[in-house]
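Both complexes below contain chain A, partnered by chain B and then by chain C.
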Partner chain A sequence: MKKYLFIVKTQIIKSLTYEFNVYGNILMQTIIMITSAYFWRALYSGQGVVGDVTAESMQTYIIISSALSVLLITGVEQRIGRSVERGTVATDMTKPVSLFGMFFAEDIGSIIALIFQNMVPILLIGSIMIKVPVMADIRDLPLFVISVVESFLINWLIAALFGMMAFSTINNNALIQVKKHLIRLLSGSIIPIWFFPEGVAKVLSSLPFIYIYQLPLSIYIGRGTRAEHLAQMCIQFLWLVILSALFLFVHNRVTRKVMVQGG
Partner chain B sequence: MGKSFDTLRHYLDVTAVNIKMAFMTIVEYPANIAGWFISNPLQFIMGFAIIKFVVESFGKINGWNYGQLAFLYGLSVISHALSMIFFVQGWFMGWFVIEGDFDRYLTRPLGVLYQFFFTNINIFGITDLIPGIIVFIYGCVKSGVNPSFLFIIQVIIMLIGATLIRGGIYIFIGSTSFHTRSAVDFGQYTQEIMDKTTMYPISMYPESMQFILTYLIPIGWVSFYPVSSLLGIDNGISSGMITAFITLAVGILMMLLAGAYFNSGLKKYESAGN
Partner chain C sequence: MIDVNGLCKDYTIKKKGAGLSGALKALVTKNTDVIHAVRDLSFHIDEGEIVGFIGPNGAGKSTTIKMMSGILTPTKGSVLINGEDITKNRKEVVKNIGVVFGQRSQLNWDLRLGETFELLRHIYRIDLKDYENTMSVMDDILGIKELLDKPVRQMSLGQRVKGDLVASMLHSPKVLFLDEPTIGLDVSAKYSLRKFIKEINSVRKTTVILTTHDLGDIQELCDRLIIINHGVMMEDGNLKEITDRIAPYKTLVVEYYDEDAPEHEKCEMISHEGNVARYRFAKSDITAADIIASLSSKKAIKDVSIEEAGIDDIIKIAYGK
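== the complex of A and B ==
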């Protein structure tokens, strides 16, 4: 455990090195958040409630979605890709820590740094420039926190699974893009799936993606009843179990035979 | 005159070799080819589906109906694809700066910016182009556009302009790395901002934002102004044939400014000590 905490610490220090990155990221994310807020405001102009949600709730949705996206940044897929492509996977595997334990610790480290560097500023800017994103019902806070933790894990496992394909394809850049688009468009991070036709929405609620963004966000803005949220959290948990099992299965298979390129 | 013609021919020869090399590099990883052929069309098909769903939930967007939005989306994706083929390297300029990769280009007797973009020409951009063209044709049919010869000329001119504007923006953002000495992958952010501002009419945004998108960061010219002129929708700034040419002029201006900014940055470039 101590070894992993050390990796986390190193990663935090690494993330703090480039100051400009921090400002650049905040600036870009602010622009995206404000554009999205205006986008929804324009769509809602002259309409009261669409898809069971008001314009006000949608603004909160956007702010919290932007903040949440900071937590859901993963480096594991690129990390594996690079390490396999350059052959450094050989040295990574000889280290006295488990390969994916190390990647996980690195991601945790980056995220701890990002919470202070990005998430807090974004929430502040959003509160000042758009609106204060108040939670619909503060009693749902424990549910929200649990679902965020689960969504973080689901997101990380999906990233790791896509990353592991590098062991057989050597170059996984394109696959990382596939994963990125799937999560971006099907998770409700940009457009919640309750605006989709019923059939499509039904298919999507059986896939893991909406449990990454949309479930915690629905809980936050209070769309749906608590019973519905709890039912969805059961599915979320189920996906967490399925993906963990898949992760272990694939992990054991791919790390047994590793091709090292010029390492 | 003869000399500059020779130079041009030399550049064209090098470009041909580069394209050949690019093809050879991409066949190195077959899974990657499959991946790109899935990921890029997937992105645009889903993006397009989302527009449809939004229109179904909210009705017209600022007076634009579904067919017109499809037309806008199609042209936006096509210029995006073209900029991906020629200028996507701009997204990664920061890495070249901090890893000292410009050394290689500086020692060769060709323009640095040319080498930067064309030694890594991104053939995979074609995977963006195909869905773009399909949606564009669909949009033409849906919005009842009758493509005359003049219409096609306007579309081609505005596409060149739009691609140059996008490329110029990528170069601008990438060149900041010379001054900040850091590499940030702004590609995804740029893409997300561009999605919201080129795939929907910018007239839906507040006036202050429209002003910025028209005069300061000319994203409005990438798709909104030329497309609304093509469809005969009033955009309050420019209408008729002239709009396509204004787009081209804005594109060339953006490129010149971005090139100047890049060169001023390059003067500050010091290698990474390798």
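== the complex of A and C ==
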């Protein structure tokens, strides 16, 4: 365990080397956040409540969604893709650590750095330029935190599963892009699925994606009752279990098929 | 120490035709080829040996090393290090091995060298006293301490290889694998690398297994050579044994006062240019002294020298088989 903590620490140091990246990401997130805020303001135009949600709550939803997207950045897919492409996976495998344990620790390290580099600035910009995103009911905070942790894990496992394809197909960049945009679209991070036609919404609620963004966000803005939230968190947990099982199953197979490129 | 039994590695590759049409066809059809990179290798390596793997490009040397260090899973056969199968228990067995690839680095591009070492110290759980001991030994051989604060991305190749060597030795492994460690290095960097290998081998009794194309590495370092071609073992033994077996001859170079050179019945004249003639003879047949004596009785000799079959000759012969 200690060695993984040290990997986390080293990754924080590494992440702090690249300042320019950080500004770029803040800028991009700010643009997305502000355009969606204005977009929703325009759509609501005068109507107080749409889909049980007030315009005010929707603004909060957007700001927290942007902040949450920082937590849901994963490096594992590119990390695997890159190390397979360059052949450095060879040196990873001669270390007495579990490969995915190391990747997980690296992602945690990057995210800790990003919380300070990105999340805090985004929340500040959002508070100043849009509104202060206060939680609807502070008593839901524990529920919110737990659901965020679970959504982080679900998101990471999906990323790791995509990353594993790189062990056999070598170049997985296109797939990573597809996955990234699918998650953004289907998770309710930009458009909550209660705005989708009922049929589509039904299908989406049986997929894992909305449990990444929409569930914690709904808890935050207080859409739905606590009983509904708890029921949805059960489904979220179920997805976590399913994906973990799938991960373990694929993991054992895939590491035997590692390709080392060149020399 | 290391037992390799019937090691095989097959690669399945997609067959692709040439050009655009070939590439397009490959998208829809599934034509695969199986390449036998390593075929049925078996050998045993004792503690404290320095073994050189040599062979032409694509002979299967690196694949073999990668299987021995647990990176690739063999198609068939097994590798036992200290009696333990590396594919079954990778995380434990790799604690006993260090690996350096000349063409790729395990150092972290974004970190200072010292930070990478600190990370490795934690990954291998080396206690601070052992770590500092190793570092001072490494500093004596390679002068590594002056590099510790330097970011890896600013290092020269020579410095980077030094860093990689130290990184691979931090946890005092019993076996060190080096895959073309001297590739691209200048003379002085090669010299310190060889010194390093000899030093850790004699002081720490580290078993060293290296692949190389550098004849100097082979001559200076290797007690034992394993020559591989097309994934098959061609020769196994020390340099002298292999030389005696596949190139059991010497060359006598004789300079005369004029262009006329006499023949000798027990040796073959392999070249004759100007005043200089070269005779090749089998070591078991006749001695150089006898040939010189009989030649000088026929004609006056100005100068003589004797050439052993060089290591490059040996390699040429072994690869050509």
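The criterion applied here is as follows: the second predicted complex is superposed on the first by the 262 of 263 C-alpha atoms of A that agree within 3 Å, B and C clash if a C-alpha of one lies under 4 Å from a C-alpha of the other, contacts with A are read in each partner's own complex, and residues count from 1 in each chain.
Just so it is clear, contacts are C-beta pairs under 8 Å (C-beta built on N, C-alpha and C of every residue); 3 or more make two chains touch, one makes a residue touch a chain.
For clarity, every value in this text was computed on a predicted model and none was experimentally measured.
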>> Quick check on the chain A-based superposition: chain B and chain C, clash or fit?
In response: fit
> Between chain B (first) and chain C (second), which does A:Cys234 come into contact with in this model arrangement: first, second, both, or neither?
Replying inline: neither
>> Contact-wise, after the overlay, does A:Ser98 reach chain B, chain C, both or neither (first, second, both, neither)?
In response: second
> Which partner, once the models are overlaid, touches more of chain A's residues, chain C or chain B?
Replying inline: B
>> Looking at A:Gln47, would you say it contacts chain B, chain C, both, or neither? Reply first, second, both or neither.
In response: first
>> Looking at A:Leu175, would you say it contacts chain B, chain C, both, or neither? Reply first, second, both or neither.
In response: first
>> Which partner chains sit in contact with A:Val203 here, chain B, chain C, both or neither? Use first/second/both/neither.
In response: neither
> Where does A:Ala245 make contact in the superposed view: on chain B (first), on chain C (second), on both, or on neither?
Replying inline: neither
>> Quick check for you: in the superposed arrangement, does A:Val145 touch first (chain B), second (chain C), both or neither?
In response: neither
>> Just to be sure I read the superposition right, which of the two partners does A:Met129 touch: chain B = first, chain C = second, or both, or neither?
In response: neither
> In whole Å, how close do chain B and chain C get at the C-alpha level once superposed?
Replying inline: 5
>> Taking the stated contact definition, name every residue in chain A that is touched by chain B in one complex and by chain C in the other, in rising order.
In response: 18
>> Please output the residues of chain A touching chain C within their complex, sorted ascending.
In response: 2-3, 6-7, 10, 13-14, 17-18, 86-91, 93-98, 256-258, 260, 262-263
> Which chain C residues qualify as touching chain A in the complex?
Replying inline: 62, 66, 69-73, 87, 90-92, 94-95, 97-99, 101, 103-106, 108, 110-111, 115, 118-120, 122-125, 179-180
> Which positions of chain A touch chain B when the two form their complex?
Replying inline: 18-21, 24-25, 28-29, 31-32, 35-36, 38-39, 42-44, 47, 50-51, 165, 168-175, 177-178, 180-182, 185-186, 190-191, 195-197, 200
>> Quick check on the complex: what are the chain B residues that touch chain A?
In response: 28-29, 31-36, 38-40, 42-43, 46-47, 49-50, 53-54, 56-58, 61-62, 124, 176, 180-182, 184, 186, 188-190, 192-193, 196-197, 200, 204-206, 209
